[in-house]
Amino acid sequence: MHNTTSAPAWKRKIHEIIYEADTPAGKWFDVILLVLIVISLILVMLESIPGLGEKYAIPFITAEWIVTIFFTIEYILRVISINKPTKYIFSFYGIIDFLSTIPLYLTFFFGGFSALLAVRSLRLLRVFRILKVTRYIGEADKLSKAIKSSGPKIAVFLFAVMVVSIIFGTLMYLVEGPEHGFDSIPKSIYWCIVTLTTVGFGDIAPETPLGQFLATLIMIMGYGIIAVPTGIVSAEYAQDLKSKSDNLGSESPNYRHVNTQVCQNCLAKKHQDAAQFCHKCGYPLHD
Amino acid sequence: MHNTTSAPAWKRKIHEIIYEADTPAGKWFDVILLVLIVISLILVMLESIPGLGEKYAIPFITAEWIVTIFFTIEYILRVISINKPTKYIFSFYGIIDFLSTIPLYLTFFFGGFSALLAVRSLRLLRVFRILKVTRYIGEADKLSKAIKSSGPKIAVFLFAVMVVSIIFGTLMYLVEGPEHGFDSIPKSIYWCIVTLTTVGFGDIAPETPLGQFLATLIMIMGYGIIAVPTGIVSAEYAQDLKSKSDNLGSESPNYRHVNTQVCQNCLAKKHQDAAQFCHKCGYPLHD
Amino acid sequence: MHNTTSAPAWKRKIHEIIYEADTPAGKWFDVILLVLIVISLILVMLESIPGLGEKYAIPFITAEWIVTIFFTIEYILRVISINKPTKYIFSFYGIIDFLSTIPLYLTFFFGGFSALLAVRSLRLLRVFRILKVTRYIGEADKLSKAIKSSGPKIAVFLFAVMVVSIIFGTLMYLVEGPEHGFDSIPKSIYWCIVTLTTVGFGDIAPETPLGQFLATLIMIMGYGIIAVPTGIVSAEYAQDLKSKSDNLGSESPNYRHVNTQVCQNCLAKKHQDAAQFCHKCGYPLHD
Amino acid sequence: MHNTTSAPAWKRKIHEIIYEADTPAGKWFDVILLVLIVISLILVMLESIPGLGEKYAIPFITAEWIVTIFFTIEYILRVISINKPTKYIFSFYGIIDFLSTIPLYLTFFFGGFSALLAVRSLRLLRVFRILKVTRYIGEADKLSKAIKSSGPKIAVFLFAVMVVSIIFGTLMYLVEGPEHGFDSIPKSIYWCIVTLTTVGFGDIAPETPLGQFLATLIMIMGYGIIAVPTGIVSAEYAQDLKSKSDNLGSESPNYRHVNTQVCQNCLAKKHQDAAQFCHKCGYPLHD
């Protein structure tokens, strides 16, 4: 059984280049992919600038096609180089890869004006592709752990923010009313959050003395409330930093999974450096 | 005496369902109540959107009546299921329950245009009902304790903010004057708090060079001042976290009152898990 | 010498009432004074509201005269009840007391339109009078000490803010120019501080793509910079809190000067509770 | 070899005055230079105020010439007083010194209207000159170290901010569209950063209910995110403060390089107080 599941050499090679980053070819592939993602992002942005999209239609469409064809090849290689393609196709990144490649083909075959507009909206998903980059940045993990550990407190805090917004939003609606821009309770709540978070667009602003007094209360509340999440994260992080400095002698847990080995069979990650077989399905790993 | 005060079985059952949450029926009741409160809140909000209230008058009024009737039944059950109804009726939540139920009946019997408008304002109080939810979230307690412990420092800080606002508000009124939107000293103080809290609506903005220079001072001050409450809460919370980690062996004090037992006689809460009688009035508790 | 300097009984009595707060009469005096200051502040504010000042001219002027006469009597009593009046007259509060009392007399005797306007500006100083209140709040001391101890770091930080503002202010002036509201370099610097402190009035906003890109840089910088003073104050405060909890057994230094004894001869404060003579001039103190 | 490289006395004297600050003459030189830089900065600012530049053309041009001539002399002295002038000329401050001196000469010799405007833009670089001041403020070093030590975490955080901005910026562009001011994706991203950093100019503001709901999400996210860098800097700083207080007995590392000795040969700095020869090139130092 073990012998048959082992894929042919070319498949293994492609898998190593596309899914992993511990060979020169794998690293180059990732860099090229990253550059192309950034270019395609910039293309989408530039195309959206009024006048620019129409003026440089030919270069835009050409660049778009080059990027799309590269993404298509990449997608196909990803599918054929693993043993269980469906595992990739229906994974989070599999779906994003598909959705960020397909729009141009759709416009080409079923094109037309209204379809084109819909496609532009699908292009947005290509933005998510850049999120993959975070896979290669180990530090992000640390940060997200700090946020997660103080998650429940932040949730309670957000709940408090919501309650305050609903109460004061309704109050402001009653006090200021539609004639001063507070058209409805939802809009008043929107204004209340804008104020509580100290953003303060000023598209809506209280005009009656009572409304301005209430706004003052909301702002000072927001001013005080902003201290809470900051204090929490700060304290949690300090605690984390302290416990780390207390265990300086022991092995640091943050550098355990620096290799980018990915099982060719089940896409499992985080293999130990000396691992020879996948810790999930027992399939052999290749350095 | 003890035998006679013990309520009949049906009354005990209702009390358990409505006031407590440690039986399946009690939990279901709370969930349904919460859903209804949220629905009624959304109804009030949607009705306030211009055009929507008039367009869907029939569904709105129907939904409103369903919610109100449920609230009415709940209110009556709450009153009859405890031994001393007045204790509930004049409690904080008793009054809120009453005020969030009565408006529709008032409109129905004494209706008319002006009354309807007044009723809409009373409906706001239904918003407070959702505050009950906090009763079931234990974490909020921790947070509010952290805020309370640094209360006096925050009070002094708020006093400082007020003094700065009054002084700079008056200064800005004298410098900018009514011709640049600083109509009166109270309005100038409002502007000053808007600026000091870094909200910055921009509905009023200094236009003279001197006014802009003063505004700059206020902003940098606000920038520096924002550090104070954050620092305080952060330090207090870190202290709290540290003292907790020092006492890891001992029993955590935050999970003492996880049961939702409520005395049927005097509505006292926070009974110990093994308690058989109310610690306030000696009335027997039922699991 | 010692016998002759001791003031007559009535003078001592007045001194005790006006300058100190450890007798019932002294406390009442302070409360009444505080109420009058607040009332006079509210009067100044209300008078500034357009329309209100003219409409209720008689009650305003009456209330103003009552407050002014009380302040006058208080000022005279303060002067005559101490041995060296000049010490009081030329002290910070002495000057403020004088300036917050004199305006109405000036208007009365040398009145007229332009003088009246100037007087309104002098009235502002009455606002400072409320600052006296801080004398009686011990907590403020703690806070101001925390700010002071991290003073030099905050100064460096403010210097950095200034340098960033000047550089980016000049850049924005060159990029956006007078046609988009960036009239001059000082105004651009004002805008830059408005942005860096995350206030964001929106009275001036970049309109060119390059200007908006620079604004983005400034904002993210401000976002990062806001962390610095907060972190500093937070850490300093935590340090303070820790060292205090380490010395729990020893006498707390924050409650040493709770008495309000003031030397009748030289106005020296902070006498020990058991002190019988002024620690500065040796003049006898009276409980 | 050693004897010949030692510069003549007058050259050594000038070097000491201009490059160092440990002689009275050297200190005076620095103070005068600082004052002149500030004056020239104020001149540039005042000239930019509409109307002022034309009205006081003569005093402005005179002051400008005085400052420029002083800067020219200083530049020449700097060049001739060191052994390897090219080392200074192509250093960072050498280039800034040159660029902040040359504009007026260019206008004078090749003047004209369009050239004048270009020169005004070059003048901006004179602003950077004031950055030199930071050399003399030791505290800044401490602060920048604290920021640097938490650099990688802040970088990850900024990357997260960028990803959020791109995703929500694109979403807002699709939801709100050009008809509500969200003209293009770059402009939407600009708006998103304005909102996320809680600046909130209000030059662009969502107008559709869905757009306002998304804006609410962005703001609450920004509100939570602001906690991260603050928490990090705060914790790092607290750690630093703690380790410092743990080593109170040992020599403080922050006061090592208080002397301003600069090697006349290679411009190397940070010599030990007792050093007699440059630690980089072996050239003799003069006290």
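Quick notes
Note that the chains are named A, B, C and D in the order they appear, and that numbering of residues resets to 1 at the start of each chain.
Everything below uses one rule, namely that contacts are C-beta pairs under 8 Å (C-beta built on N, C-alpha and C of every residue); 3 or more make two chains touch, one makes a residue touch a chain.
Predicted model, so just to flag it, every value in this text is computed and none were measured.
Chains that touch both chain B and chain C are the following: A, D. With rounding to the nearest 5, the Cα superposition of chain A on chain B corresponds to a rotation angle of 90 degrees. Taking each chain's centre as the average of its CA atoms, chain A and chain B sit 34 Å apart. Chain A and chain C have Cα centroids separated by 48 Å. In this assembly, the C-alpha centroid of chain C lies 34 Å from the C-alpha centroid of chain D. In chain A, the residues that reach two or more other chains under the touch definition are 186, 189, 198-202, 226, 230-232, 234-236, 238.
Across the interface of their complex, chain D is touched by residues 198-202, 230-231, 234 of chain B. Against chain B, the residues of chain C that register as touching in their complex are 41, 44-46, 48-50, 120-121, 124, 127-128, 130-131, 134, 137, 139-140, 142-143, 146-147, 154, 158, 161, 186-187, 190, 193-194, 197-203, 226, 229-230, 232-238, 240-242, 245. Taken in their complex, chain C has these residues touching chain D: 152-153, 155-157, 159-160, 163, 166-167, 170-171, 173-174, 178, 183-186, 189, 195, 198-202, 205, 207, 209, 212-213, 215-216, 219-220, 222-224, 226-228, 230-232, 234-236, 238-239.
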